[in-house]
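Pasting the structures here.
Next come two complexes, and both contain chain A; in the first it sits with chain B, in the second with chain C.
And then the complex of A and B:
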């Protein structure tokens, strides 16, 4: 007995050692990778205080200082109160990003939630087919999406103007007319909003469908028996029950639309007259076209703060503490 | 099942007018869904039809729907253009996607398994720290990452696209979730048989993770294939570019040749659409899982 117990103890110790070795073998490279991440983050944070350009040599440490001078919070002061071209372009980009994001969110929610609700109410075989097709654009390369929509928006040969002409309207230069607008927003912005919406709605739909499927049928039946109208069932039963999903979808949609880049870069590249210049595009151009990396880093920091702020706000407003 | 028949039986008991309005509602539902469906499909249909038209026909006002002279010229031209070695660009995209998927699958499996099945001091802190780091958006890290690649001389190298994407928070999350459902007996059995921890991971755990890895791998493949901003920053020479960047370059150098550009678009989307057709169920499931952790 003694020997067996002793043996067991020893093997337990051996097991702990081999487990420990495995844990160390994984966590040490992981920590190194994380250290690199921290270094990158620290560098990004340092850059926002410098007038840094990769074209200049600068100081000994990461090229900071010297010909890349320290400016403190100068970038931020310039952004929000400066009169330079880049400062006013930043403010315009910020405004355009807000317009874009706050137009996308309600449009996306209305379209995806109602289509998901309708889709959830129909027979199973069709459901899968519809869902698949609605999901197709999500997988499509956004460059491809942009090119397809550009050809649809073509002022001469595009389908959208063809439809407008067919109904006797005046054709619009969707992507290049700086004056034409709707609800105070330039048509070019609406054009990219529509293209983005088209690419994106399948994603939220799939998530909503999954959430709607999880609602117990008994609750809907109870509402039906109590004489609730479909609208009442939707607003009083469905919406509260999918609130956690709704929160997730709102946050994710906001996050991605604040960081929109691909579609706009390809379709308009910020034109006409910078009316579709969004923050990511402005950051990209400043960093990689004009070599203003310090300025661009400061801009991305502002974008990051906005995104964080919106996320936290939405979590506060839409959070629920109960489950069903 | 009885639950599902309940609405039907109640509607059968009520009058004809209600049944009529239910029928109308059903009709309206299908009508709206089909309308949305057409709106979703029409741009694809237009792209495919345009790619079979001539460059003259796509400029016509009003536009033709069906190609007047159905032609494969655009596709033939694309494959025979010496300035556009398409296979090379497919190769670039495939190279990047392959290494991105392989490396993230490996790290996700390993780290996910570690966080699910092992207890060690500082685990919670490490995991929390890890996730926070992963939540930092690209626009913050993109500039220093670019500067590091420039220092390492990896600008214009396809490896530059791989090294910073070797670890993925979503993948780790997903695999950790999946690992937690695996019984501990699996590992214990291996340990009793004298297998080392690495052997247990490779021989016992990895095979168990197959479905989760497949789902995540497909999603990651598509993300890599469609990536635009970061590849555009890193790959500045034409010959090393991946497909989406080539597509915008091709578009800007072939203005007025709409049909040709649409054919190029079709070719570049094709691999993704094929992958989707084959793995559709897993993909939709994967996207849903990402929504519910």
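And then the complex of A and C:
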């Protein structure tokens, strides 16, 4: 009997050791990875307070100080009240980013929700086909999308101008005319917004389709019996019931819009006259072209604060405290 | 268990934090780092990816290794944007290659992280005698030499000309331009519009970024002005000479030689547009020749590369150095690295071989005048009279920012009708001077 108990104890101890080893084996790599992430974030945060350039040796500790001097909050003061070229470029980039993000969000919602509603109303036979077609641009690389739209926008050989010429209109230099605009926004910005929207809408559409499919049919039937029109059903039944999804889509769309980079870099690189230069592009240029890593880190921090603020606002406005 | 995890996390944080520090330059003790008998000394070299440049390097590496069987030079190259990022992340970490290809104007930004040229390799006075003033100027910072140029990057004055279009327009070919008015007269005859009124062929495409700043600065110099103040601590762009040059450019646009909305740096870039038959005269550096031949092999029109007359007076111009080679202070084999750099850049025969392979203008007068250069690159002899007039652009806090974010955008704005001449010059002057702050 004692021998059996002893074996049980030994085997239990062995299991505990194995568990411990397993936990360590799984946790240590993760912790090391996290530590690296924390170091990178900490490093970026430290750079905010220095006029740091990778071309200068600087002080003995991580190159901070010396020829990479401490500037405190100087970058932020310069950004919002300075007269230097990098300050004016920052302000213009911030304005362009806000225009881009606040134009994309409503357009994206209108297009994706309408399409999702439309697809939900057609027969199952074609549903999968259309869903695939609409989702394909999401799978395409941004560079490829940019090149396709650039060829369409080409002032001389693009088919958009070809159609305008066919109807006797005046062709437009879509991506390089700083004078042309619509609703106070340069036409080049609208051109980029349209390309981005085309690439991105399939993602939200699929999410909305899933949300629409989860709405109980009884609720719609009840509304129909009560004499609600299709529009009333949509606005008073569908929209409130997909509000959690709407919140998710709004937050994710805003996040990705504020971080837009590749499609703009390829299509315009910020031209004409920096009218399409967004914050991510300005951060990239400052960090890797002009070596102003401290300034770029400060810009990134501002972008982080803006995105966080907008996200919190959206979550407060669109949050729900019920489930169905 | 918790304590163990805490210790591990703390240790990993410390390790990662310490790992990010700049490495100390290697102590110069060749004996300590000398390879064991029979082993090769391995030297790493970095360059940006340009197929003709790389082909030139590879041939010279093979030649050097044949003469030095104990040396193994490993060439690594990166796409341009990736190369910039690699330099900026590796140099602070002390992880860069032994030999680094740099553009001359970058040297002033990186010189704290570069090894000065040892006196036994070449002293500054010798370098000034060996190379043209413009290219060597980029490698000199505060009287210290940090490397050697391989090319004379001349963005000023050279143009691609489309012979087929000249003949179709009934113009004299090759062009016999005495003044810039002659150029504009030909350009007006070459320009074409489509049925909707949009320019389909630019007579004289000078509105890309490099030609714009190069012709603007050269025009200021040729009119007797300067864009530097007396002690070179600030810029003077709001001057009568600058105003006259910008007005000349405005007049050329108003004459219809180019529509800067349709032809600029991002739309219809001069090389692409020229080799697609959309340009009669295209203002661009000689580097465009090799690129055009490579990227547009099916272009059927006959063409050539010629030089423009000065706006007025002597053909004085400024140039921003050119690509060249430098050595890392962290290299354990600096002696071998410098020996190779000198072999590639300062030996006239080898330098000529690289210039021919890369299609670039030589940085040394002795090489530029060599018969093999004239035979391989007939456009170089045409530039020989101009090259001695080239001055180095000058050491700026941030050359790219001044050229591409200040001068070019404001001049283009003026040419596109968004700003007046005065507004553009005032903005350029104020913004360029703010880069000194």
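Everything below uses one rule, namely that the second predicted complex is superposed on the first by the 310 of 324 C-alpha atoms of A that agree within 3 Å, B and C clash if a C-alpha of one lies under 4 Å from a C-alpha of the other, contacts with A are read in each partner's own complex, and residues count from 1 in each chain.
Everything below uses one rule, namely that contacts are C-beta pairs under 8 Å (C-beta built on N, C-alpha and C of every residue); 3 or more make two chains touch, one makes a residue touch a chain.
Quick caveat, the model's predicted, so the values are computed rather than measured.
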{"item": "Partner chain(s) touched by A:175 [first = chain B, second = chain C, both, neither]", "value": "second"}
{"item": "Touching partner for A:72 - first (chain B), second (chain C), both, neither", "value": "neither"}
{"item": "Partner chain(s) touched by A:165 [first = chain B, second = chain C, both, neither]", "value": "both"}
{"item": "Which of chain B and chain C A:288 touches, first, second, both or neither", "value": "both"}
{"item": "Partner chain in contact with A:106 - chain B first, chain C second, else both or neither", "value": "neither"}
{"item": "Which superposed partner A:61 touches (first chain B, second chain C, both, neither)", "value": "second"}
{"item": "First, second, both or neither for A:133, with chain B first and chain C second", "value": "first"}
{"item": "Touch count on chain A, higher of chain B and chain C", "value": "B"}
{"item": "Touching partner for A:13 - first (chain B), second (chain C), both, neither", "value": "neither"}
{"item": "Chain B versus chain C as contact partner of A:206, first or second or both or neither", "value": "first"}
{"item": "Interface residues of chain A shared between complexes with chain B and chain C", "value": "20, 23, 27, 31, 38, 43, 54, 62, 156, 165, 287-288, 293"}
{"item": "Touch list for chain C against partner chain A, complex", "value": "1, 4-5, 8-9, 12-13, 16-17, 20-22, 81, 84-85, 87-89, 91-92, 109-110, 112-113, 194-198, 200, 261-262, 264-268, 278, 398, 400-401, 405-406, 409, 412-413, 416-418, 430-432, 434-435, 437"}
{"item": "Contact footprint of chain B on chain A as seen in their complex", "value": "15, 18-23, 25-27, 30-31, 33-34, 37-38, 40-41, 43-44, 47, 54, 62, 111, 114-115, 118-119, 121-122, 130-145, 147-149, 151-152, 154, 156-159, 162, 165-166, 198, 202-203, 206-207, 210, 217-218, 220-221, 224-225, 230, 245, 248-249, 255, 259, 261-262, 265-266, 280, 283-284, 287-288, 293, 296-297, 300-301, 303-304, 307"}
{"item": "Chain C partner contacts - residues on chain A that touch it in the complex", "value": "20, 23-24, 27-28, 31-32, 35-36, 38-39, 43, 53-58, 61-63, 67, 83-86, 88-89, 155-156, 161, 164-165, 169-171, 173, 175-179, 268-269, 271-274, 285, 287-291, 293"}
{"item": "Chain B residues touching chain A - in the complex, by the definition given at the top", "value": "3-4, 6-7, 10, 25-26, 29-30, 32-33, 36-37, 39-41, 43-44, 46-47, 50, 58-63, 110-111, 114, 118, 120, 126, 129-130, 133, 136-148, 150, 166-167, 191, 196-198, 201, 222, 225-226, 228-229, 233, 243-245, 247-248, 251, 258, 261-262, 265, 268-269, 272-273, 276, 280, 283-284, 287-288, 291-292"}
